[in-house]
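Chain nomenclature is as follows: A, B, C and D, assigned in order of appearance, with residue numbering initiated at 1 for each chain independently.
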Amino acid sequence: MNIFPKKLSDGYFSFLSGRFFNEQKKYKNLATSGQNPEIMVIGCCDSRVSPEVIFDTSPGEIFVVRNVANLVPPFENEHSTSYHGTSAAIEFAVNGLNVKHIVILGHASCGGIKSFIENQYPLSQMDFIGKWMSQITPVAEQLNIKVGNYKHEDIKKLEFGVVQHSMNNLLSFPSVRTRVNEGKLHIHGAYFLISTGTLFIKYGKNFIPLVNN
Amino acid sequence: MNIFPKKLSDGYFSFLSGRFFNEQKKYKNLATSGQNPEIMVIGCCDSRVSPEVIFDTSPGEIFVVRNVANLVPPFENEHSTSYHGTSAAIEFAVNGLNVKHIVILGHASCGGIKSFIENQYPLSQMDFIGKWMSQITPVAEQLNIKVGNYKHEDIKKLEFGVVQHSMNNLLSFPSVRTRVNEGKLHIHGAYFLISTGTLFIKYGKNFIPLVNN
Amino acid sequence: MNIFPKKLSDGYFSFLSGRFFNEQKKYKNLATSGQNPEIMVIGCCDSRVSPEVIFDTSPGEIFVVRNVANLVPPFENEHSTSYHGTSAAIEFAVNGLNVKHIVILGHASCGGIKSFIENQYPLSQMDFIGKWMSQITPVAEQLNIKVGNYKHEDIKKLEFGVVQHSMNNLLSFPSVRTRVNEGKLHIHGAYFLISTGTLFIKYGKNFIPLVNN
Amino acid sequence: MNIFPKKLSDGYFSFLSGRFFNEQKKYKNLATSGQNPEIMVIGCCDSRVSPEVIFDTSPGEIFVVRNVANLVPPFENEHSTSYHGTSAAIEFAVNGLNVKHIVILGHASCGGIKSFIENQYPLSQMDFIGKWMSQITPVAEQLNIKVGNYKHEDIKKLEFGVVQHSMNNLLSFPSVRTRVNEGKLHIHGAYFLISTGTLFIKYGKNFIPLVNN
């Protein structure tokens, strides 16, 4: 029998007597009424990039998918026999919850992208992760990035490119495309620079820092 | 051009001048040294169940996968041609980051599980989510839960069962099983009751509430 | 000549025609083969906290020591000239019976602990009980509980603390410590809340309620 | 982290949904009012001889001390520096709870007495138990029983003798003797024959079977 990690149980007690105590009405109401978030965030699993922390959100506000490198696979017409967690979550958010916004949240120093660009991914024991990251091969090719022989600035370029790639793939989902065309759903790109705390947002073809002034 | 959701930009500025300002050294260090989390959390996309909030964690502490209903698909020996986001993230966490703990974090009033148990999932536009949730058919069968004709208490039973199912499937990954057997990796189950803020943890065959005293 | 208490003789006849009648084979076998319990319980004399009742055990299953306040005195290297009933029972259980588990069973509204915390113990006729309860002076001190001037919540705190104290003292017995280190013996803490029937078990540094679900 | 023994948690759930459910009012009242038992039982730790089972008692009815071989040490005028659990419990029951009866409950095939009579007790690791059982040396001497060279019938003789010995030692406690002389407290001896379920009670100088007719 494993004891629950102390860091988590201590943190939970801190949450319970702090934030939960202050927001208990909101939690109670959300439990009764169900969730009704207007925003979906598709982010990375990275431990430094929590969407709820970066956007300082309250419970009930953002529906969050997190996978390695914040990737959206392309819609596939013929359904394979496999499970598609991210695609399922997109459908659930769009058709089930009627979210109005989907934000792809990338970030700097992404371990998944680093493994890919360094060509370290096809490790013998790491089949799923290799397969998963191979999704971005066309992104690297389009950006003329040479896997295993890359320049330092290529990393950021590829990280930006992956956000754009996921935004594009979102539109390959018929239900997403329809709603975007109807003006009911909006797709956004963002990128968090961990070292400085800067948030870049996709603006036209560029990423620009969000500044408060 | 869509403007970035005001809720998120406002929240980001609040984060930047608040938490980030206070923890900027930690963020800077984490950007330089890379992440080194000891804990992976596999949770649900639900907007009310943020692992970072519930466990009051600091940046760098937990590596987080989130999909609908906190599911871990079984390891498949023959790799299909599809992408497996959750399986990839598990491999990345275990083989790449050497996490010591994996926590499956379930929760009450899970929309994915409700859709499944009410047999509302095969909506025409919702193919991925129907397929995704079909993973838990054996869980419902084992618990003698009749989809579409269920009793109220079946919901919680199924939600608990799904946490156990994901814990079991984790062990179907050879790299996970090996490390668990060596005592290097520990698997935990947890369940968040939104209405009361109670966190249940898997203890033997039961879920018991974590109490601070 | 005192007649045997009617409550006990009536109860005995009820046992004889009821439970004993149904389990007579088990009793016969246990008489022939001797006892072979895997579990030792160290509980309080309190009339409301019978281990056999609370754990609904069968004959032969638990070896039970009961003293005031479920205390385990520390192992003493130099043997005094006095008799140590609890220490003797621990040795008998561990070395003689090879029990695999020792459970310290505390409980709410413990009279011994109440007398201690109210500082009523040094009654002129009550020398042994005063001396016996003085064992928990260091527990109260460590918890910053002021004997004779305590707060209501201190009672439960001290009752929990006494269970932990007994668990710690068990490890001061070399034979216990050796077996625990070898993984052959496991020490547990529990606490019975009489009013609600809730059983708390020691989990890490906390006591959490055992729930069946 | 050890998981709580399944036998005990399963038994507890059985108690909770069974006996506790039926008697919850009694437990609630007993928690509020405190215990007020009229009977104290001093029994053996043996797993086959639970006083609550043999006397089919309800919560609150019997205050129970259990040590190896149901021994009452003699009152000692000069208090040693050691802890006397059984003597403390006697004081607590007599002075604190004003019990009206004290029953010494012996039993057949007592492991402590067997070890003593076979002279196997001074095992190197078993100092406390050796010291504890040495209390009955004068009992064996008085009965002309040769430790290490005994006859089969000596075992029962010694077990009976030990019950008488404990009854005698009870009277060495001034508070017990005073109350017995005043007719406020009554001392009883009993002996449980595990194989047949027969309960013998001390009657004059003999033990006679309690029979319902």
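In this text, a residue touches a chain if its C-beta (ideal position, glycine included) is under 8 Å from a C-beta of that chain, and two chains touch if they have at least 3 such contacts.
The structure presented is a predicted model; accordingly, all values stated were derived computationally and were not measured.
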Original post:
In terms of CA centroid distance, which chain is the most far removed from chain D?
Top reply: A
Original post:
Is the number of contacting C-beta pairs greater for C-D or for A-C?
Top reply: C-D
Original post:
Through what angle, between 0 and 180°, must chain A be rotated so its C-alpha atoms fit those of chain D, rounded to a multiple of 5?
Top reply: 180
Original post:
What whole-number Å value describes the gap between the mean CA coordinates of chain A and chain D?
Top reply: 67
Original post:
Rounded to the nearest whole Å, what is the centre-to-centre distance of chain C and chain D, using the mean of the C-alpha atoms as each centre?
Top reply: 14
Subject >> Centroid spacing, where centroids are CA-atom means, of chain A and chain C in whole angstrom >> reply: 53
Original post:
So which stretches of chain D touch two or more other chains?
Top reply: 1-4, 9
Subject >> chain D to chain B touching residues, read off their complex >> reply: 3-4, 6, 9
Subject >> Contact set on chain B toward chain A in their complex >> reply: 1-2, 4-5, 7-9, 11-20, 24, 27-28, 30-32, 34-35, 37-40, 45-48, 50, 52-57, 59-68, 71, 73, 76, 79-93, 95-97, 101, 103, 108-109, 111-112, 115, 123, 125-129, 131-133, 135, 174-175, 186-188, 190, 193-197, 199, 201, 203-204, 210, 212
**OP:** Flag every residue of chain B that touches chain D in the complex, lowest number first.
**Re:** 203-204, 206
**OP:** Note which residues of chain B are touching chain C in the complex, please.
**Re:** 156-157, 160, 200, 203, 206-213
